[in-house]
Amino acid sequence: MARHALRRVLLALAQLVLLAVLVFLLTSLLPGDAADVLFNDKAGTEQIARLRHEMGLDQPPAQRFLDWAKDLVTGDAGTSLTGGQSVSGIVAHSVGATALLAGVTAAIAVPVALVLGLVTGCRAGGRLDRTVTAVTLALSSVPDFVLSLALVAVFALKLGWLPSTWIGATTGDLLTRPGLLVLPVVVLLARTVSQLIRQFRAGTLGALNSGYARHARRLGVPRTRLLLRHVLPNAAVPGVQQLARTGDALLGGVLVVEAVFAVPGAATALIDAVRSRDVPTVQALTLLLAAAALFLNVAADLVSHRLSPRVEVLR
Amino acid sequence: MPEERTRRHVLGLAGGGCAAALLSGCDGSASAGTTRPRRGGTLRAAFPGAGAKETLDPHKQRQFVDIARHKAMFDKLVELGPTLRPVPRLARSWESSADSTVWRFRLRKAVFHDGHRLEPEDVLYSLHRILDPHAADHLAANSLSALDLGNCRAVGKDTVELRLKKPSAEFPSLLAVTGALIVRRGYRNPEKPVGTGAFRFASFQAGRSLSAHRFDDHWAGAPYLDELRILSAESEARNSAVQAGEIDYAHEMSPTFARLIEGNSRVALVSTPLSGVDGFALKTDRPPFDDPDAAMAAKLLVDRERLIEVVSGNRAQPGNDLYGKGYAYYPSHLPQREQDLAQARRLARRSGLLNRRLTFYTSTVVDGFVNAAHLFADMAGEAGLRVEVVSGPPETYNTDQLTTGDIGNHRCGAMPIPTYISERLLDGSPQNASAWKHPDFDEDFVHAQGIKKETARTRAYGALQRTIRDEGGLVLWGHPDWLNAVATSVHGVKPAPPNTDDWARFDAVWVD
Amino acid sequence: MSGHTAQPPPARPAARGSGGRAGTARKKGAGGAATTAVAAVLFAVPVVTALFGPLLAPLAEASGPGAPYALDGRHPLGTDGLGRDVLALLLRGGGSTLGSALGAVALAYLVGGAVGLAAAVSRHRWVDELLMRPVEVVLPIPSLLVISLVGVGRHGNAWAVTMAVALVNTPVAARLVRAAALRAAAGPVAEAMRMQGESRLRVQLGYVGGSVLPVVAADVGTRVTGAVFTVAAANFLGLGMEPTAPDWGVTIAASREALLVQPWSVCAPTAMLLMFTVGLNLLGDRLLDRRDRRPPGDRRDRRARVPVARKEGRT
């Protein structure tokens, strides 16, 4: 197990390095650079050329990448090309809100999906199963931005029960005004929960119909014990695997949610940085998000490994 | 010379009802003085955000949200009035030498937030800082490049003498350009802004918010508000937040939003007519629009009313292919240009426009650009032209446009007409989207700028504008209203075109 | 499919045979047919609209353009922000919406599926490594980043967005196909075929490839829904097509501000998207259920996890 974990972590590090190169290449291919974008419509070409020189953008790309990498190794993520702030500051200010949204969503989604998936899986075809399936299907079929707009129109503007945006809210406010979290989290939950329930339900069905479960039943193992000891761990495997992929979908949802609710988060910061060709910020945010995704993947692997050791045989 | 005008003076006028209506029309009830001014409270104003690009350094300001924030904390020497004429701010009055090369500005008795009095040295330090050759991102540097810095000096304790490399009767309005704010001498750390503005810096987070508190020693009297918060938010969020009462002021709203809040008792619209210009730019340095007949065909084929209906939601005044309707030096006597398809077809045939495939280079950089481009293509189709609409990346559109396509979108906010000409219509202009490059035109413009007598100067500018209208490559079809949304609990917000003195000024605003 | 009969038909588990279960199963059969019919209708409406709508659109456009966001009787569903007939947009917009999503998923499966299958059936471990390691590297790249880089870099290009969505889905498809193929290749059926002396090509392509198909079919529903949403969200965020393009997602995004001014401009294309995704997901679920209802022995070699099968083999 320990060796397996070590291998996975080393692989993840190698992936991060490759990713950094890949992202740098991709951002270099975008039309225009930070100097062009910063002075779009306001300055002449001569002034833009001076700015480009000041930003160091007239250096060859390979040189810029090496400089950036050298600084990163010493713990310096660089300076934003557009605002002049430190990149670590931008990241620190933007990641909190996104992490909070994703964390709260996951904290609700996983237990809810696990319970509902197990229950509906055990009683497949029953009334509860059909209701849950129908609701999750409907929820997962509404595009998240339509859901966001509809929820804001009803619960914030018509009824006035909940705040419609985070404009002006500070991180401190989030703790004192949990109402701010409700609508964004509901939107994020809609799809994640649906996906997870489907996986957990399928896992439960598979485990229940498996040979060992039948065998255990034949041997007279009590139902509860069978469910908790034998079915649950196996049922959780596809769900846990799905969790890692959900992280990615969650991030996409977060972007829409951040735009609609004016959440100053990492997804907005990333798009912003791409738009203004702020390469150091793009690099830092991407690596962080990718590291989070990798962490989820590795964690999911290790958890499924623990739950059902033979899964590894497949991989 | 313009007379001194303080905030109280303006307020006195506001007591008489809808003062702003006298200047530029008044749409909502928000600006009508229905209650007595009250001290205290917080105003939350939201502007389109710019993420990490937002800055505290007043000389690096670029976006509206920056400009509004810096306006609360700093002052310029000169601001622009409702007709884009220079009006006094930190400079209470000014005078120039006979040849308009030496200018003297008398300073107001203003105090910085750190308690120091404003002195000529602060002005000189600010100008040096703006023109610092190592700071390429100081926007005002371009406009102020005519300053002969080495020969500028303080005269006594309250006058500064500025010398120009070449004569300009328009110099005061150049001191009102974006990024020309006066900082305390020795200002180096942008994190600690010290200005003479009505609000003192409290906190800032790029992409999110600025908080500033009332400055009791402000030269025009303390503002009413205890706290001003200027927040960043995209249109979606501004829309819902202002309706939900989470913000009190939302900058830059759409005509659709205006329809949405009709009859809403909590939110009113403050609409500023003549806030700039919308149009198309034809490249006149190459075929086919190097032929004034071809350009005229394009000007005659557009249905200005339809463009205004669709792109501006009927909230605009028709344009006459001239910039700056309602501003100083605008030749208002010229007849309104109307659609004339028959004549357009004739001119198009004569200039060989019918046989060409034209490219309209557009982008989503501004709402409505793509719509306007498609409407133009349809209208051109009716006149027998073939126009293909091509869309480019918004981030670099304004620069790309200078070299791409035969036709492009054109939009310009409020600025003095001479500034517009020098930024857009001279050979070396940074944003010469219609590629208008005529040395004789440039010479005439330089000459006009040096004319000290205003009537003669106006006449000279008039002739230049007429040339553009008849031969140039600008199809300027509308002067849109600028729409801001204000909670009905907020009073004293005046309609003012962006970049003018009263725009985004919260010194005289109070809340219930 | 003939190989399946080689397996001894396992007895249906007694525990499942309780009266209540059988009852629900029967009820579900009847309800299932109704659901399938509903699903088919839901799915058909947008698909037929997308296929044949453009032919009818000129009829709807006959009344000419109107005022922006008008409900004036001349236009049955009113007009959009440009004064265009919403019904005509609806008729014209399906092709690009569904086409880009379906195209992206098809492409992802074509490329990812080939890689996954090749990796699974290869007899050399290094081939597997060579093919799957790059997949593992790109898997954690946040799809958000790919979409935003492509959206910003190739602005307004429908093809670019389709390719980006395909790119994001390719590694996932590769992994899914490889896992399913491995399961089949290691299963008893393939073993039996090999022992009977079937050609390697027939075992690998005929049987293994064939048994991957249902897994893919079950996955396609959610994946296409996801792709529809991703493309729509890209449009919503201004990263997708031109705001005037006749496309359901674009129309929703461009008209969203007018939700309460001219509801049809948003609701009509949203309804189309909803019908499509709900119909597709329902049909996908039907497919899963059909597989679930097959005799367990048939299911075991394809669906239940291999470790389970092995465990069973040992007991």
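In order of appearance the chains are A, B and C, and numbering begins at 1 in each one.
Basically, a residue touches a chain if its C-beta (ideal position, glycine included) is under 8 Å from a C-beta of that chain, and two chains touch if they have at least 3 such contacts.
Computed from a prediction, not measured in an experiment: that's the story for all the values here.
The pair with more inter-chain C-beta contacts, choosing from B-C and A-C, is A-C. Think of the whole protein's Cα atoms as having one middle point; the chain whose own Cα middle lies nearest to it is A.
Our note on geometry: chain A versus chain B, Cα centroid distance of 41 Å, whole angstroms. In whole angstrom, the spacing between the mean C-alpha positions of chain B and chain C is 50. Averaged C-alpha coordinates give centres for chain A and chain C that are 21 Å from one another. Among all residues of chain A, those that touch two or more other chains are 31, 259, 275.
In chain C, the residues that reach two or more other chains under the touch definition are 152-153, 256, 260. Shared contact sites, meaning residues of chain B that touch two or more other chains, fall at 236, 393, 395. For chain A in complex with chain B, the touching residues are 31-32, 36-45, 47-48, 50-51, 53-54, 80, 82-85, 90, 93-94, 152, 156-157, 160, 163-168, 259-262, 264, 268-269, 272-273, 275-278, 281. Residues 67-69, 81-83, 152-153, 155-156, 238, 242-244, 256-258, 260-261 of chain C touch chain B in their complex.
By the touch criterion given at the top, residues 11, 15, 18-19, 22-23, 26-27, 29-31, 124-126, 130, 133, 137-138, 140-146, 149, 153, 195, 198, 202, 205-207, 209-212, 214-215, 217-218, 234, 237, 245, 248-249, 251-252, 255-256, 259, 267, 270-271, 274-275, 286, 289-290, 293-294, 297, 308-311, 313-314 of chain A touch chain C in their complex.
Chain B contributes residues 44, 46, 51-55, 62, 134, 136-137, 139, 141-142, 205-209, 229, 231, 233-234, 236-238, 240-241, 243-244, 246-247, 365, 393, 395-400, 428-431 to its touches with chain A in the complex. Residues of chain B that touch chain C in their complex: 235-236, 239, 254, 256-257, 259-260, 309-310, 313, 363-364, 370-371, 374-375, 391-395.
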